[in-house]
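When the chains are written out, they are named A, B, C and D in that same order, and each has its own residue count from 1.
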């Protein structure tokens, strides 16, 4: 049984702290909303009178707060959680915040000898209710191992992403892709409907191709990530198909903002000479635009 | 055994006509490149002396050409395939061309009493070699059924998308999504690398979330396509995560053109009042921007 | 007095042919709409019975048609203007069409010994009524000089852009900028209004700064186009200001699609090392993205 | 002669405080860099030992700092400028910061009875040296009038934008437009060069059209801002020209990210039914996308 301070009882924090209580841990909870505290206390948790009270003399202190400034205030404001924690406490921030904030927090806690994990989660509040979250942890291996008692109670899988800051960064990169993909999916289905297609049948088609199945476990693994950009599907052909779609959509007055942005990247990639390579070679173009060291692919 | 005229022996056409020959059909092939014709003749096909020669007195005539103008020239130029075909011939265009061209072709052939299918394919040339293409067919049901002898020899699955023109449109919509998703995937991985993350581990994470698994068979089916936009994951939260990513990337000098375009769609969706709804409600925003009739969702 | 065939009497063509008639020229006009022909005939022009009739035995033949295919049909269809023209005729296409079409037309006419100018115009129909168009001419100097009798009757200024094709290209580049700038202007004013600003006062401010006055006759001439990218206003500062605006607008739910696209170009430019240079150095970044030979600026 | 505290002696602050000294004012300057302080002291200013020291017992306190957090720290950190100022002091922040920060500062100062202006400036450091800045002031009229002794010494023109916060917002909106226009200008000139045009001649053309002269003092005043969206230049034609440019550029492998984003706005505008209206009607489309109350234009 672990003793845990848990700060932040919004929709996600409520579900997570409840799962910790139900797993048999001693959980001291705090939120600015007293009703949220009372709800967990009613389920067997302990009501703390302040964030500092929740954090004093615990093995673990977990924060689940809306934004980076909230976490920094709770820790370093007055009276702050940072000073309230014992040296042996492991601090775990499970909020989704800016990487710069995570870095500042890790640095300041390290100065006063307190270890930390940044461990934001993947999944909706409904997934949190079922204790099935994905946990993306950044920090020392031994701390990730120690935190397993907590992560196992709230999640289905923990991925150790690397040092402090990598949990936050991985979450941000992951959600960048999912939130942008959401918009691309919507553009595609609005386009299909405006083109007079049956949307359900179009979804059936998409589900069976790269459009719906994605690249990360397929084409990218086989090609560019494996150091091979010989054409499986030519980048120039992909560019041609995309421009064909944009021209057709323009005639239908269907805005395809995401797709139009993508088309310009293909132009850059062709201008760099990748037109005859695999379409996954756009990664190399974007790597270079981000000042990453060019990869040299075999001919 | 069917008698087939096959016009256009590029990488894809070569593989497809070879599979038709190997399936035992009588195949008359034509291409402007005599060597391409000779290759198929050497495998048991018949060398035609012109496109019109390939098309005369066949049950089926198949075209697999680079662009719409090529198909229109072959059909209606002089001497044209349209006039060479018998009334009972079924014309099947398997090229990927502009929908406007497909519509013109269908109209002109219909005037002279010849039935047609637009049936572009999904899959790379390597997939074509193995006879495993996806066929997206537009036209009358009886014609799609009749063409099964051909489609079965070159593909693994045929989807009947609707009337003439829907095969072409479905292909264009599908490739719109896949080619744009390719760029989004590349942006995500360049971002991960520039953020100092281990790319292989990031791919592992993406593969387990909506980012890598996509929306079409998951969230969209459960939510917006099923008429329900109550929040599973809130659109406003998705927008916040995306803006957090863009701010962080701006500091790293990582361009995220596709993601930045997506972020503006979220702003429009929030301005329309969907901030508290499910993130899949961006579809409704984009439908309206495309002048599609608004859907009214239950509260 | 010149003898002129004029084909295409839409809003622009009407105004232009009327000005030619009023300048005292002998003008044979043709349009598919007989009423349009009758209107000019009523003002002193001559009604031609066909495009070929309008074009026979004239010193000049002018076309003012909606699209490239229209011009190619009129010229090379049957009976075509190309064959109707005498060898001494100067053909002048004043339509705005795709450069590829202009190039094809110039090549085909040159084969049959007929000289041509591509000379699209700048200005609205109201400007055309007043004979104040801007004429962007591509072709041989002696042909541009010969055409002055026409250009002077319909325009206020003729710019000789270079060889055949450069008139069309200059028009397209010019209208690219003006049509995109229109959208940027609209984004800016919608942003101002959503930010609670008085729009009229904001316009007054914009009118006095680079925002409203533009770069082409100011900063670009002094800096990047003059080979100097030392910072007058730093590119990194410009990028910071733009990102500040995007963050603020995101909070207001104001979509800034054009601005968000621009911000990614700044990121690319900073990734290339231009952050400390003048903001006009984005030109060098975009030149390189377009595979143009890099310019080397003095330190 | 006014007594002025001036905090922040970067490139801009140096030039501005020097102009204040040269205009005969008593200026107490502070910066974290002692050399910057010494330079102004050497010109007749007074070296303050801290920000609070600079701010005590002055008629005016001016800040010119890099970011919003810098201004908030100087004011409300310890020892803070806010407490050091006398009640009669007018605080003037001339930095360019986020509007949210300006609003927080105005609110907190107002609580302790201190009046403030947000008065960011337009112009480069070279313009600042010559005392020719544009000053965008937000606050009470009497405070803007009182500050004239300062503004006249550093600037050529002061525009009173409205209440507190409007100076900052106007600056951000203005720089949004200028920084994005910079990128659009660069796209246009890279496009011209890639199209084989003479760049200098293209600049000459642009300078004479709306592309180079802009909309804010021309078309917008005559049309949409005056309540008239009848077509002077049709929105549908503008959209056609822009799509023509994008298609041509795609064939040249020239990326036009800004222009491609703009094209989607035209599609939205046409889907809303504005295709036959003036091209300035895109403003109405973007206003609606930003949840601003629709304007009803006369037929």
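A few points about this structure:
Everything below uses one rule, namely that a contact is a pair of C-beta atoms (placed from the backbone, for glycine too) under 8 Å apart; a residue touches a chain by one contact, two chains touch by 3 or more.
Here the structure is a predicted model, which is why all the values come from computation and not from measurement.
Shared contact partners of chain C and chain D comprise A, B. Put simply, chain B has to spin 180° for its C-alpha atoms to lie on chain C, with the angle rounded to a multiple of 5. The interface holding more C-beta pairs in contact, when B-D is weighed against A-D, is A-D. Of all chains, the one whose Cα centroid sits at the greatest distance from that of chain C is A.
Chain A and chain D have CA centres that are 35 Å apart. The distance from the centre of chain A to the centre of chain B, each centre being the mean of the chain's C-alpha atoms, comes to 31 Å. Put simply, the C-alpha centre of chain B and that of chain D have 46 angstrom between them. Chain contacts: chain D has residues 239, 246-247, 249, 253-257, 260-261, 264-265, 267-268, 271, 289-291 touching two or more partner chains.
The touching residues of chain C, when paired with chain D in their complex, are 96, 98-100, 122, 124, 126, 134, 136, 157, 159, 161-162, 165-166, 169-170, 172-217, 219-221, 225, 232-233, 238-239, 241-242, 244-249, 251-262, 264-266, 279-280, 282-283, 285-287, 289-292. The touching residues of chain D, when paired with chain A in their complex, are 239, 243, 246-247, 249-250, 253-257, 260-261, 263-265, 267-268, 270-271, 275. Across the interface of their complex, chain D is touched by residues 257, 261, 267-268, 271-272, 289-291 of chain B.
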